[in-house]
Each structure stands twice: as structure tokens, then as C-alpha cells.
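The next block holds one structure in the form of C-alpha cells; read it before the comments.
Labels run A, B, C, D and E following the written order; every chain starts at residue 1.
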């Protein structure tokens, strides 16, 4: 049994937990020859600590991080998990209607100056309006829950935040100025390029090909269930900590919209192109020593 | 200036942990006239320091009453207290220890130097107390009490730990200061000779709980109190009141 | 300037707590914001979380970590502090190390402990201990520097030997410093434990607090805070204050 | 048991630092892990970050916050500690409040400050100050409880008045406690500033540390740590130790 | 047991801050035979306590040599030191203060009680020192020094702050203990009468830097040292050596 186990770090109320809970609840792991174990943690940083510490086999993060670590010599690899991306949110009565209107405004940015959504937003503003948002607007970096509160209290004019936080704001009547998917599209990329995914040690995956495959199958089955069944979501509701029905629906729909499509050579080439863009804006602080998307960033199956 | 009057019906230290309560003073009454120098004698532990603390206003937890000498302008009297232990501030120099007690408005600058020199401490004004001998720290404490030009001077065995000539010189200094300004003095000592030499009156305390058991005026003129006269007076006291003074 | 409490019923505690609750209630009413729920709202959460067993469980888990780290940190810290206070050369040499360890961000120790020793209980307790030890060392050493040389000389002349000297001459003089270390230690360790739990444990108050932070559920956050404060208050009344009274018995 | 340093060249500091570097290097070589880069790697980052101006800028920003909070916390904390130590009833009454503030998680104060006062500099400094003040209060109060009644009585008899008594009788006796508060305070405030910066500031070492933590760049994290430790070491050598020598001049 | 021999070529306290360096002892040599009781007299600040600290082994920073009396089995001598200040542990009761100094293997349990009673402290065994009068704490310090059954007894003005009868009783206790076991005693006092009453020899110190300027055997048989005899001896000393003893 031990060699079937797949241990994953999850945020206790995070979206990954919903997916994996569905896997467990329906015995999809057993059905696919693995034993799924979840380590619930309280913050994103904790998940990366747990992977480094060898306490789990997998965590969820974006492939830019994977690229950076690979370039730094840590052989990790990536499997897509979601295409759901953040959004720029403003109050419903906000005079801000376009990117250019953000100039001179207080803009909350979740995740810090290297956040992918923020980088892409800057790229678009530069390309569309010739605007350097980092200086034209007044970015305020902070923890996402704090930024939400600040926006509600009227201390911020807009926030760039992760999708669950955007969904909560939307449920409260805030307006989505621009989704990050829209930004991708405007920059000439596919809307539904997955950015976040399951990340794991390449060697571990090579040594246990059965587990990876079983994991992929199990999670795919879970997603199919979640895409189709509302009843499934009622079951998950306690895990979602939705304050009310509106938030619940926004979270559910957000998740469904983020279920990734096919992940073939074409999508991966697209990702490589996006990496070049991010490297140009983010520079070494973001990508470290990686010159281009390192070989093996995306998991190709145990054969490679 | 009025007199000093203290009446202690009961002064009791409460029991703490295993130690029982202790009655330190009972039915004690005492009046000291303005400008009088009164010596207190009594066995160790009979409550002399307790009484001085009460008079100094440090201990208000007693049954009885206290009235201090008040000056014409009715301000509270300046008190000089030579504690039984020197109680200097170890983190201040000798000079600062004395100056801090003084009221800069009232006292001239030269006074400290003068008093330190009179106490044989001329070279030690800038020294910290822990670098002095015990006798020297006692002298600093004396200087401090003198320097405030007190209306009421409380002295708890001020001249122990001093060699006889130094002690004698300081006794002279005390008398000089006392005669220069009218100062009410309460002087605790274990040395009957010293009490006779200095006092207008000698009060003898009982073993604990302390009470005044004898009140003896020293009937020798001040300018006639040489060693022989003191010794003679002492002999007479011991012979006349063997119950009170034997062994003193 | 000295406090000697008689054990009786703690009236001031009651009055003070009531006033605090009142002020809190007034403030909550004045602000009327979901960012500061009133005592009633917090009490409701407290009751609910207690009934569900979540609060007692997480509190117990955290307290166990706090207790382990507290005893480790105090023992180690006092031992090192005594040594540094006793031997001047040792102190001079290790002073820079102490400053280093004093100023290593909690984040760094925690990550390194987790990465090296795995995401286990031992690593968590070790990380907290490493964060607190230097503070105890500094406090103890400062106390050692203020020792009265007179009593030490007495102990030397009368051949007390190291053990008797430590127990009867040094430690009683260090008591106020050790009390400081204990009082501030408890609160600090608790604060660090929260971060430690946030970064790598799946239970405990720190873990819960952060979840509620993500949901911005201030009432729940305050409920956990109140529960912990109540525990510390109980330790204070039941342990520290009686101990202090005992230790200070000798003061006049 | 007493230390009196002569100012001369700090040989022990040099030796001790070298030994520390050596041990670090050996450990890094033995582990050969990305999680513990050796001194050389960290030095490289240090140089690069200094050249780019990022490190001096962020360090300066953080130090400004640390300094502001430090002085606020020490002033306020000592004042409150003196009052609580002086008036026993006050102490009894506010003791539960103190325990509350002592044990409010940093997260809670930080969130509340940010929520109420906005994500600004004032809120950040206030949050740190609120976290540190209770610790200073406890330390000062413990010192007040250990005051020698003899010298206080002397001050009363000789009518020192409150100000003279404070300055010449009380504060010198509190010196070791204040030193403790200062030494541990600097390190603690720095640690809390990191959390404050992490949660809601856009500059400073804490902000940077968190970025590097997200990227798991331990070398950069250590580079910032080393830089801050160097600053504290300088404060220690240039300010605290001379001050301590001065304050302890009177000891035999 | 061998003799106590101490030679101090130079004992200097270094300059600190504004206070200049101070030479406390210079060219001092002293031998005390095994079982001898020697009294030291000298002006305040002349270095008597400094010397006692050197003999006690507390101060090794002097130029010179020290050899302590050693017993037959060559263990270092048990030292009893009555410091000039009591130096009790305020956080331990009177009884514990005494017991802590004792070696439980060597001393019987009843000794503490016995000595406390002899010092008039029978009811105070469980009291903490801060609740005693100064004279009482001094007596506790005395009891502590006696209780260790010392081979070498150092006493720095042990009987000040005591009333005359109590002091006299403790002097008797000292002599009794000293006669029961052969004990080498160095006894500092400012009281010439006391020195004559107790000492085998009297050593007189010079003003600082301290040196021995006179070494006088007390040529009165011990059982003949009543008040009159002591007084007569004192008179003679003062008359014969006015330079050294005037005022003492």
C-alpha cells in the first residue's frame, strides 16, 4: 500500500482541497490504484515548505516557479490543475472603466510585485496605453484578505487579486474590470492557458509512474464530476466556507470555468512564449537564472 | 518652632510566613524641645530604629500620633537622617550623593566641600561609594544629613565604624552645627559615654516592646564635658540606677 | 512600590475584566464594523467552536507545543545565560553569536528547521525554542551582571561551592529576571508558535487563525485569542502569582 | 561575575565571527543543499543586492520603522511599567489588560491596525509598537518590584520629589531591566516589523524576505538577515556597550 | 596547624572613571600564631577590611604573599568571616543563613539553636533578615561565623550596633569558642578597650596606605581583665605612646 500513496499539500479551505476531497469521497483514488493523502495547511508558503521538507509529494503552484527552481537545480515538474486566474476588481460605482483609468489610483496587488497577474497587467497597460502602471498607479502590496477589506472600506480604488477573492467580491456586487484571462487574450495568448498545477519532484514521478498516472486519472474523474453535478457541490459546501449563496455560486462557477482543457504540445509552446514575456517584465527576480522555459518544466509522462 | 512630640500606643510588625507578629513599641511617649539634643539608648532590637522611622514619616502604620517641629513659616521641617546603614546611592559619586539631598536654592555651593573636608573625605568627592571603606561611607551619610541644614536631625548610631579620633572630631562637628543653627536632634547610640558627652537628656529604652524607662538630664555644662567628667557621670549613673545601667 | 497580594477573591480582576468588556462593547457599537465584532459575537463563536470540539482541540495542541518550547527554552536559555554571565571571556566570544541568533528572523529558523528535520512536531518545537532561547539568555545574563558581589564573596569564604551558590545566592537574585523571562516568554512563544503552525502544521491555533484570516472572520480570530488569553490568565493566577508571592516572601 | 570591557580592538568579536563563518561553511559543505547556501553564495547575493541599491533601500526603510517603533515602545512601555510598579492598585487593576495585550497574536494587532488606519506607515509602526509595549511594561514592572526600599526611603526623607527620585534612585536600579528591554526589544521589533511588512507594506526587508520566501531563495533571505545582524552588531558595539559601561561605572 | 603569615608589598585599587588610583596597603607584614587572637586598630579607611579580604582569599590582586594556617590533614582551613556589613542572604531565614554556611557532615544539628540562643535570637530562627534590626542581623552574621567552627576567624568590627551588655555577652561567647577549639583570630575594632579585653596582641595600623606601626602584647592574664584592669592598661598605653594612641 505504501508504494501507492500520493501525498498532497492543500490549503484547508482551498480549491485543491475541493478537488481532492471529491477524489477521496468517491474512492476515485483506490479506483485508480493510488492512495491519496492530504496534508491540510494554512498558507501557500506552508505548502512549499512541506514539499521542500519532503512531507508531501505534491503541492500546487504555477509553472513559472517550477521554471525558476529547475534553473536553480531543483528537478520539479508540473501538471496543469486550473486555468482560473485572478481579476482586477473595482467597486460597482467606480469611475474606473478601463485600464488607463487606473492611472493615479490606489491599486491593491495581492501576492507582491512578482505576482503573475500583476506582471501581465503591467504588460498590457504598457502595450495598450503606453502606461507604466508600477509608477502611474499607486500599487499597494498586501495579503489578499486585507486588500479585500481595504477595497470594501474605500481605502483602495481597485485590487488585482486571486480568483477566489475576486469571486467573493463579485458576489458582493463588485465589478470585474478585467479578468486575467482577458489580459492574456489581449496580449495574444490563449484565454485558457493553465498557469497553476500540481508540482512534484521529477525523480519521484519517474520512480513511481503508476502513481502519477493514477493521480491524473483520479483528478480528471473528480473534475468531470464537479463540472456536471450540483449535488457534488452541496457536499463540498462546508469545505468552501462560503458566507452566503452568492459567494457559493461564484466560487463554484469560478472553479468550473477554470477546469483545464487539453494540454498538448501546442499549449505548452504557448506557455513557453508566455514565459518569455514574463521573463522580460519580471526579470531575474522572477525567473532567477532561467534563460527560457527549462526543458522538463512540464511533465511529459514517465517515459522522458 | 514647636516641639517634636511622638506618642506610639502600639507599633506592631505583622506576621509574615512562618515569622510571628512582633510588637516593636508600646505606650511610648516622647517630647523633644525645639533645639534639644536627646540621646536614645536601649538594647539591640528594642525599637529605636523603628521609632526614628516613625518620626521621619517613613512609617505611618502605627497607632498613635506624631507632631513635628514646624518653623515660623509653617513649612514642614527639613529632616536630616543618618540611617543605621549609610544608604548612599552607589551609582552616584560622593559629591552627587550629598548634593542630591540639598536644595540648591537654599544651600551655597561651598558647603559640600567644606563638610567633606571636615569629615576627612577631601580627596574622595568624585569616588563612587562602593570604592570607599564602610567608615567612609558612614561619614558621607553624615555629611549628607548635615548638608541639608536640617531642622530635625535623626541619627541612628552615626559614629560606629569610625576610629576614636575621627569619631571625636565628627562629634565636635555635630555640636558645632547644632549650636550654629537651632536643630532638634534625636541621637541613637549604644555608647553611654557618647550619650553623656552629647546629650541634653538621655532616654533609656526597655527591652522589646520598647518604652522609655528612664529620662535623665545630663547635668554637666557643655564646656565641662571632658573625659573625666563624662566618666564620673557614667559611674554615678551605674551606681545610682544599677537596674537600668549595669553593663553600659 | 512593592506588591504583596493576598490570595482572596480576585475582585480587581473581575472589575477590570468587566470594564474591558464594556469598553470593547462600546467601541464595537461605535464602529459598527464587521472588523470589530463585539464581545457577544465573539462569545457566540467561542461557544460554537467549543461545542464542536475544534477550539479545545486546537488550543490543547498549541498549548502542548507552547509548554514544550517554554520549558526547553527556559532551561537552555538560563543555563547559557548563567554561563555567559559567569565567565566573561565566554561572553565576549559568544556575544556576536547571540546577537546573530537574536536577530535571525523567525521565518528563517522555521523554514530551516522544517526543511532539515521534516514537517514534524519536533521541528516545530525546535524552531520555537531556537527563537526564544536567545531572549532568555540576554535576560539572564543581564541579571548576572547585576549580581551583588558582597553575597558572592560571602559564599566563597564560607565555601558554598558552585551548586549551593547557584541555588541560594545566584538564583534568588535572578528571580525578577527569570520572572520577566517567564512572563514575556509565555506570550512570545505563543506568538512564535502561531507562525510555526501557520508554516507547517495542520492543527493548532495558529493554523486556525490563518484560515480565519483568509476568510477575514475577525470574530473567530478574536475567539481564539480570548481563549488563549484566558488560559494565560489562569496560569498567571494559579501558578506565576503564587510562585512570585513565595519567591518574594522575604521582602520587607 | 562582572564584565567591564576595555574599548580597544574587538579581537573576540573578530575571532568569534570567523569561527561562525567557518562553521557555517562546513555545515553548508556537509549538507550540500540549496536550503543552506554557504557564506560565499550569500556574500555574492549581498554584494549584488547592495550594488543594485535594493538592499540598502529596503534595509533603510525597515530600520526607520524599527527605530520609530523602538522609541515609541520603550518610552510608552517604561512609563506604564513605572506607573504599574509604583501604584499597586493600578497594577492589580490593569494586570489582566496587560496579559491580554501581551498575548494578542501579532496577526490580530496587525490586521486591526491596517483595517482601521489603512495600509499606511502609521498603522505599521503602531502595530509593532502595540506588540512590543506590553513586553517592556512587564520588564519594567518586574524591575520596579525589585527596587531597594532603603534608597527609596532615603529619597523620601530627603525630599527628592518624584522627578529626582525617578532619575537618581529608580532608573539606575532599573538599568539592567531597561538594558534587557532594549536588547531584546531591538530584535523583537525587527521580527515583528518583518511580519507587518509581509502583510501590508510594499517595501522593507520583510516585504523582500517574503518575496524570496515565495521563490524559496534561501541565499537572498540569509543575505538580508546578515545585513540586519551587522547593523545590530554595530549598534551593540557603538551604542549599547559604551552606554552599559557608562551606566555600570559605579560597580566595584 | 601552621601560622598565618601575610605580606603585602603593595595593594592598589586602580583608578576608575574620575576617581584616582588608591594605594590601600604598602609594606605590610603580619604573622599570627596558631590559636592566637590578634586585634587590629587603625583609622577609618586605612585598609583593615582590605587586609581581611586578602587573608580570606577574596582578593588576589595584590603584590605579596599569603600563607594560611593548615591543619594536620592539610585541608584548607575553615574560615569564619564576620564581614563589616552582615552580608546575610535576605531571601533565606536566619536559620538557613547559618545552616547554609555549615558543613552538615561536620556539625551537629543542635549547634545552630544553641548559638542563636546565646546571641539572644532564640525566637527569630524563622525570620527573614529584612525583618530584623541591624544589631540582630549582625548577631546572625556572628552566629554564622561561629557555627562553621572555623580554624581561622576574621572579624571586622563584629560588635558595633550592639548595646553594651549584649556586646559583652558576645565577647564572652567569642572567648569561650576560641578557647574550646584552637582558633586563629584576626579581630578588627575601633575600640581600644575592646582590643585590650580580647587580644593577645594589638596591632596598630598607620593612616593610609596601611602598615603596622605598633605591635603590643596585652600583658594582662586573661582572667584578670576586668574593667579596671583594661582601663588601666589603656591609660598606660596612651601615656606611654601618645603619638600612636592619643584619642583612642
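The definition used in the following text is that contacts are C-beta pairs under 8 Å (C-beta built on N, C-alpha and C of every residue); 3 or more make two chains touch, one makes a residue touch a chain.
In this text the structure is predicted, and so the values were computed from the model without any measurement.
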### Query
To reach chain C from chain A by way of touching chains, what is the minimum number of steps?
1
### Summary
Shared touch partners for chain B + chain C come out as D, E
### Message
My parser should flag the chain pair with the most contacts; which pair should that be?
### Response
C-D
### Task
Could you tell me the distance, in whole angstrom, between the mean C-alpha positions of chain A and chain D?
38
#### Entry: Rounded Å distance between chain D and chain E, as computed from the means of their C-alpha atoms
49
### Task
Starting from the mean Cα coordinates of chain B and chain E, work out the distance between those two points in Å.
27
#### Entry: Overlap residues in chain E, where contacts from two or more other chains coincide
16-17, 85, 128, 131
## Note on the structure
Where chain D touches two or more other chains simultaneously, the residues are 35, 111, 115, 213, 249, 251-252
#### Entry: Where chain A touches two or more other chains at once, by residue number
45, 52, 143, 149
### Of chain E, residues touching chain B in the complex
13, 16-20, 22, 41-45, 48-49, 84-85, 93, 120, 123-124, 126-128, 131-136, 139, 157, 160-168, 190-192, 246-248
#### Entry: chain D-touching residues of chain B, taken from the complex the two chains share
53, 56-58, 78-81, 83, 85, 87, 89-92, 96, 100-101, 103, 128-131, 144, 148
### Task
Would you pull the chain C residues touching chain A in the complex into a rising list?
35, 111, 114-115, 117-119, 123, 197-202, 206-211, 213-216
### Task
Sort out for me which residues of chain C touch chain E in the complex.
150-151, 153-154, 156-160, 164, 168-169, 172, 175, 247, 249-252
### Task
Can you check the complex and tell me which residues of chain A touch chain C?
11-13, 39-43, 45-46, 49-50, 52-55, 143-145, 148-149, 241, 243
